[in-house]
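Paired with chain B in one complex and with chain C in the other, chain A is shared by the two complexes that follow.
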Partner chain A sequence: MKTTSLKTMICTAAMLTLGAGAAAGQTDEKLVINGETEIITEAPAPAHLEGALDTIYSGWEFRSPTTRAVQMDDFDNPGMIFVDKARQVWNTVDGTEGKSCASCHDDPADSMKGVRAVYPKWNEDAQEVRTLEMQINDCRTDRMGAEAWGYTDTGMTSMVALISLQSRGMPVDVAIDGPAQSTWEKGKELYYTRTGQLELSCANCHEDHYGDMIRADHLSQGQINGFPVYRLKNAKLNAVHSRFKGCVRDTRAETYKPGSPEFVALELYVASRGNGLDVEAPSVRN
Partner chain B sequence: MAEGVRARVKVPSSASAGESVVIKTLISHPMESGQRKDSEGNIIPRSIIHRFVCDFNGQNVIDVNMQPAISTNPYFEFEAKIPESGEMKFTWYDDDGSVYEESKSVSVG
Partner chain C sequence: MNRAIMSAVCVAASVGAASAAEVVAPKDVQYGEYGAVEQSLTGQAGDSAAGRKVMGTKSLGNCVACHVISEMDDVAFQGEIGPPLDGAGDRWSEAELRGIVADAKKTFPESMMPSFYKTTGYIRPGKGFTGKAAEEPLPPLLTAQQIEDVVAYLMTLKYE
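Our next item is the complex of A and B:
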């Protein structure tokens, strides 16, 4: 009797391992937007992930066919409504200097091409790693004489989406060496640090269990190449730091604040885990 | 008055006679249901688009009566038969009396 049950157990264990393999949540479908822009959603993992992951997948791969389809046509993608609004703001004068974004940066299609792919990025003048949000607010306060936006305000996230859109289809390529390295190391430490009453680190879910079910949902690798993302659950664009906050909160921990040095470091590290995946913003997720 | 309302439509610019074409329409609108309360507990007044109409060369294609449970940024996708060249006209009617219009011409050839 004992041997039989042991055998059954081994059998079950083997099946579980199979189930958790590469084919668990991802799709074989290709992401092509508007029938023309091909997006890389699966790529070999960057060198620094050796031993952790072999292949990196965009969160798009883990979503249901209907959700995936919404992102394949800009007309269907509700995130584009926010981009349209940001395009108006881009050309609207604000602040004491009488300037709009367009006064300096002209057409975002030219001036912002490729920008999102390399952010967060080391800023030599400020001697810090900066996110797109920080850069936008720096422009607003220093160059336009306007009030800074809240870090995860819809207006801010929409502007980030407009800028990110100009890099759609270009591979993420954030620098992790040179002056950015210490921030990157800090982000890496945060990624692997367990937090909250549930004692979960980012890696516990997104590295160890991607493709598995978390309640009624497939866990993704937690890649941020698609941010800002339009979420069906709250019908708006969501910033990277809002997502981080939600995740940390779900471990039942006190979270860091959006825009805090901790989340900036984490964003740089998580972005670097997606080096090689294409920028998808604004993406659509559930 | 609802702010930031913008209508978008997607209609193929050409079709063959009698062909059914897919039409997509989306209007950005908050669609405030009238059921919600603000932070002080006062009811936020209802402000929705209550009717959407599409006509082709004066002939009605679709006429939609909309209710408060419809979510923000209403999106409609439907098919229409194109018998001849002409103009497709879209009209949305807002609770506040505003009327938003959009039109696209389709050529048959």
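Our next item is the complex of A and C:
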């Protein structure tokens, strides 16, 4: 109640000062990549968020006009350099079985289309929810006889970006029911738990205060439809779990490890909060 | 010679001990029904200039992460998570402000504002911003004197 009225006040104030005009949206600008791929950055919230959020926004909407512009052209987007490197790795044989990714999956443009949009996803054989990183490492160790990559190594994150790119412009649509449900519930609990000496939950910042400034940072909804993200701040491609780790650390808490069951559950939950937003990868943020 | 140094040290130590004894430990702070704290945490008057510094400094109180304070216009990037603190000294008594700064959740249940004088009862407490685990009791975010200093500064925030 209090939060809602505060939010309305702030929205009104923002409209007055910026003269934004349109009642909805954080920006009037539309995200169109290379002048052709239209990306949905604002959508009605999925049903499971009823009472929490009405509208969901990509983090792109909260960035400055300059940062937003970098993502509109793949020649300007430094994230694409990592994608190009991953494209070479895709075709490179590695491991005892003498195979590359291409040996089994041919052209990623065909075989990987739509994959990012539904991950994390329940894996029936393994009886677990898997992230893209887990699936990639499973292919490497089991099918290629190659070594697993570190969960947030640049090579891994670059490969995730190459695969994610093939779903660009497709709406995120992760399943939260059936066998994935208990993992999703666990992730939801983590999202609302106030951790660390600052006792802050993800929801404190990204649900109750998106659109507000916290010191110099303009808070977004903390959506992950744009991941992997190229950050101007650290000049590299960043994995979802690296971002989670940073945000948890900032509450003065003991973090979870990238790839841990907790972060996998949290990823499924956070991804589901973005059901309806388009995959943007690789996106650009500050 | 030696004895002189010795006694000087002893005097210093006992002075330190005497004032330390007057400091109210985080677990001993008495909050009223609505979260106010009547008793000074140190028995020493707060220094408002020092409090101003604590509030505007990232590694200390970093209150400006969430609050706008017009009087502190030398501090860039003030946040808008909590209400502006202009006029706080008119709206609240000293005891109420002490309670809010020491543990805001006693005044505003569920508040997002961190508890600055609390050492236990955390979920996954970490060692500062390292992401590593820490054992409770943690050092409080601000010392008793820093809280008194901040309260002294807040009391100066009055509308003309």
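The criterion applied here is as follows: the second predicted complex is superposed on the first by the 261 of 286 C-alpha atoms of A that agree within 3 Å, B and C clash if a C-alpha of one lies under 4 Å from a C-alpha of the other, contacts with A are read in each partner's own complex, and residues count from 1 in each chain.
Quick note on the criterion: contacts are C-beta pairs under 8 Å (C-beta built on N, C-alpha and C of every residue); 3 or more make two chains touch, one makes a residue touch a chain.
The structure displayed is predicted, hence computed values, not measured ones.
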Task: Superposition on chain A - do chain B and chain C clash or fit - done: fit
- [ ] Could you look at A:V270 and tell me whether it touches chain B, chain C, both or neither (first, second, both, neither)?
- [x] neither
Open item on the list: Once chain A of both complexes is superposed, is A:A146 in touch with chain B (first), chain C (second), both, or neither?
Closed with: neither
Open item on the list: Between chain C and chain B, which one touches more residues of chain A when both complexes sit on the common chain A?
Closed with: C
Open item on the list: Contact-wise, after the overlay, does A:K85 reach chain B, chain C, both or neither (first, second, both, neither)?
Closed with: first
- [ ] In the overlay, answer first, second, both or neither for which of chain B and chain C A:A235 touches.
- [x] first
Open item on the list: Once chain A of both complexes is superposed, is A:I176 in touch with chain B (first), chain C (second), both, or neither?
Closed with: neither
Open item on the list: Applying the document's definition of touch, where does A:K245 land relative to chain B and chain C: first, second, both, or neither?
Closed with: second
Task: First, second, both or neither for A:M159, with chain B first and chain C second - done: neither
Open item on the list: Looking at A:T195 after the superposition, I want to know if it touches chain B, chain C, both of them or none. Which is it: first, second, both, neither?
Closed with: second
Task: Closest Cα approach, chain C to chain B, once both complexes are overlaid on chain A (Å) - done: 19
Task: Contact set on chain B toward chain A in their complex - done: 4, 6, 8, 10, 24, 26, 28, 71-73, 75
Task: chain B-touching residues of chain A, taken from the complex the two chains share - done: 75-76, 78, 81, 84-85, 235
Open item on the list: Using the touch definition from the top, list the residues of chain A that touch chain C in their complex.
Closed with: 10, 193-200, 204, 208-209, 212-216, 245, 248-255
Task: In the complex with chain A, residue positions of chain C that touch it - done: 58, 62, 64-66, 76-81, 112, 114-115, 122-126, 128-134, 138, 141
